[in-house]
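One structure, pasted below without further comment.
A, B and C label the chains in the order they appear, each numbered from 1.
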Amino acid sequence: MRQTAELLDRVRAALRGRTVAEPGLPYVSPREPGAPGSASERIDLFRRKFEALGGTFLAGPSAESTIPALGELLRVEGVTALFFPEEDPASRSLADALVPFGPFLLVSPADIRQAEPPVSAGIQSAEFAIAESGTIVQTSRGGTSLLPGLASDVHVCLLSPDRFLGGMEDCLEALSGEPPRSISLITGPSRTADIELTLTIGVHGPRKVIAVLLP
Amino acid sequence: MEPRVRQFFRNSEKALADRQLQVALSRTMGKFLENRAAAVAEFPRFEGARERASRTRQEALDNLDAHLARFITEARKRGAVVHAARDGPEAREIAARIAREEGVSLAVKSKSMVAEEVDLNGALEADGVEVVETDLGEYIIQLAGEPPSHIIAPAIHKTREEVSRLFEEKLGEPYTEEIPALTRIARRRLRDKFLSAQMGISGANFLCADTGSVVLVTNEGNGRMVATLPRVHMVIAGIDKVIPRLADLPVLLSLLPRSATGQALSSYVSVLTGTKRAGDAEGPERLHIILLDNGRTGILQGKYREILKCIRCGACINVCPVFQSVGGHAYGWVYPGPLGSVLTPLLLGLPESSPLPNASTLCGACGEVCPVKIPLPGMLVELRGDEREQGLKAPAEVLGMKAYASVMSRAGILEAFQRIAGVVSRLLFKDRKIEWLPFAFSGWTERRDFPAPAPQPFRKLWKRQRGIRPWTR
Amino acid sequence: MAQKRGISVSLFSTCLADTFFPSVCFATVAVLERFGVDVRVPLSQTCCGQPAFNSGNRKEARRMAAKFLSVFQGEEHIVTPSGSCAAMVKHEYPVLFRDEPRMLSLAYHVAGRVFELSQFLVDVLGVEDPGSTYRGKVTYHDSCHLKRGLGVADAPRTLLKAIRGVELVEMEESDRCCGFGGVFSVKYPHISCRMADRKIERILETGAQVVTSGDIGCLMNIGGTISRSGYPVRAVHIAEILAGSEGAVP
């Protein structure tokens, strides 16, 4: 406590005689005009941005109708195991329905936390999607695990149509109030360009992101 | 990191002669600029965003006392232990104590420039803690035992061939020049470190005062990993990282990735607030935030306060033609390019770092690309002025400038010198060029010709042409 | 040619042009007179103080700046064939005199009246065609202070393109610094030459016979390197191309 008190004293001393706005007159950056108005416009924009990042967007008349395509995608990526957060019924039922299309093994998150895990897909409901950047938003609210988007090879996100927001400002507003422990804004797969600035996909995170639009 | 800034001249000579480095630079610097240009072109509101971001950052600094106090309070409310380190030694001592008290033997680390400033890894390693860098570029240079050469892409100075040899030598991996394969090697090797480490260490891209949140921006995902999987999360950040409110993030994030790598948004933005709560699936049980001063309050006080607006995008570094020629290591410390040329003298003092403000042609490219409008070229000139005032300039230069000003103080004196120069020129330099200049000026004529003074200066010819008496127009 | 009566210009010759390249000053006068401008040359001028200012020797810079301001105060238009000298007066004089209110207001007053040559021709006189003849494949180097300092990049190109006989070709990285930087060129000559080499590579890639620019420092750096290495390119100041009078003095 003493060190932080001293730090604040030093900062105050450095700012003494300031000629600028006193606290209480903050500069608040004006809000950017938001992305398109209707939900379907936002979904369209999200889809375009998301696909430009290498994501695959699946939509169908029902959740079941997307399953064969999803199963095929996962097989192509070499996925052999699926996991999902315990308390997420939508991902659970999707995972169950996917099993025969692999065939895939259902594993628990603990199984993924080993040193040599199977090639896995982490399935989970996303909290929001941000249209203007093709971003998926996951928070730790309600005991939601981050692992599906953290420790898998393929991240499968379930989105409902009423969860598509225009821009990042909308997202922060929607999350206003006490922030959860973790807010994750996920824009595309894990990537690096640290060697010769050459892009490589899939470093410490999924190499593919798939969004499934629930009806 | 031990400074080698005074040796900039020698460092840069070596850099120019270093073939591997020149190959690496030629393979990468163009891409940085192309990517940034494309991202700016597809963002029509870029200039408006720059102005807004500049004001936001300025406001944060002008009221840093209030915002910093608020950050500390809000972070503590949510379970963080907040420490303040006056300088490097204090930061090292705090970090080592935390590791000891938390029983840490293995730590995984996501890139942090302030950690380099204070050599945080060294402090922990001296205490028997294994620290593993997880950012691919940092992992590479950790294996190589080298400091970073760039703030965004720390291993940019290494060619793929060098990385392959390094992995072969240090990890016993089969030699491969294929970049995806090299990346997979790193991913595999680091995975079990993530899972078994007791502590994750990171910097912070931003610290939000209104919520006490730590914001991490990465492309690889290692930021989230180190901040979620281990039991302890240690954050070290400069006090200049504080932003007033979470709502300031969008404008800053609209500029940072575009300026750095040409992306509209980085792959992972994590807003982390406090420790694991009852009902959370994962999260660190212990969160330590070390706020580092290390000279920043000194900068805050003075005419260079604006440099603290920096959001560490690296655009100024990428666009600098001097950096493009010599790379980052020549600058001798943590921060290269124009950012380093201003920040290093301010943190280490001018006597320790006087080459840097002079290692620039003042071309202005850096000031043009800075997303928060820091007047970098003006600061470089200002620092050169400070050097003169602090008596750090070579006596020959000061004398030379005084002589120059004296000659230029009266047209009559200038003309007298021009007359002499004209005569000498007519006699010695018949082909109108000088191939050798003495003293400090020999640097010019090593590889370039210098023009010989005109036999008669313009003013004399003009007077003759226009029939002008010396004292009329 | 359109006659613009009543415009008088004070020529700011620059210490470099005055001493080393009088032909550049004569060319500048010739172009201005071609458009009916009355050109006067204050003979008590010496140097704007840029070398001292840029190297942090502010005391000497202030001395030279004060002299400059006393020579040119009261002049309606001050035109110079140097982007960096114009930028010095316009942008840095107010910085130099920030603590001296009287000098500061004089500095602002004069700053508003300083122009680089191509800027003056196009933006003030409205000239689109310099009316000269010049033959050759020409490439244009954007000097840092002219482009970034004064925002002038289109005017020189507008004028060059209009000259019959000139084939203007753009080089890659036309606005990348050539490595001159004043004192930098002798303090860090190895880096300076590396930057000049890269600029010359870009010039040679265009196949141009002439590289031109609005700054003498750049042309000395590029031209000096070319001269030593013997490349088949000439470095010519834009004023001389606009006047069609390369190298000529009366």
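Following the convention adopted for this analysis, a contact is a pair of C-beta atoms (placed from the backbone, for glycine too) under 8 Å apart; a residue touches a chain by one contact, two chains touch by 3 or more.
What you are looking at is a predicted structure, and each value in this text was computed from that prediction instead of being measured.
**Student:** Report the most central chain, judged by the distance from each chain's C-alpha mean to the global C-alpha mean.
**Tutor:** So the chain nearest the centre of the shown protein is B.
**Student:** Could you tell me which chain lies farthest from subunit C when each chain's centre is the average position of its Cα atoms?
**Tutor:** Checked the centroid distances; the maximum from subunit C is A.
**Student:** For subunit B and subunit C, what's the span in angstrom between their mean Cα positions?
**Tutor:** 32
**Student:** What is the distance in Å between the mean C-alpha positions of subunit A and subunit C?
**Tutor:** So the centroids are 54 Å from each other.
**Student:** Which subunit A residues qualify as touching subunit B in the complex?
**Tutor:** Subunit A residues touching subunit B: 3-4, 6-8, 10-15, 18, 20-23, 26-30, 32, 85, 113-115, 133, 135, 140, 142-147, 150, 167-169, 172, 179-198, 200, 202-205.
**Student:** Which positions of subunit B touch subunit A when the two form their complex?
**Tutor:** Counting only subunit B, the residues touching subunit A are 24, 27-28, 31-32, 45, 52-53, 55-56, 58-59, 62-66, 68-69, 72, 82-86, 90, 134-137, 140, 153-156, 158-160, 163, 179-180, 182-183, 186-187, 190-192, 194-195, 211, 213, 219-222, 224-225, 227-229, 239, 244-251, 253-254, 261, 264-277, 279-283, 291, 293, 297-298, 300-301.
**Student:** Inside the complex, what are the residues of subunit B that reach subunit C?
**Tutor:** Those in contact with subunit C are residues 9, 12-13, 16, 321-322, 325-326, 357-365, 367-368, 378, 381-388, 393, 397-398, 401-402, 404-405, 407-411, 414, 418, 421, 433, 435, 440-441, 443-444, 446-454, 456-459, 461-463, 465, 468, 470, 473.
**Student:** Show me the residue ranges of subunit C that touch subunit B in the complex, using the header's touch definition.
**Tutor:** 13, 15, 17-22, 25-26, 40-47, 49, 51-60, 63-64, 67, 92, 95, 144-145, 148-149, 176-177, 179-196, 198, 220-221, 223-225, 227-228, 249-250
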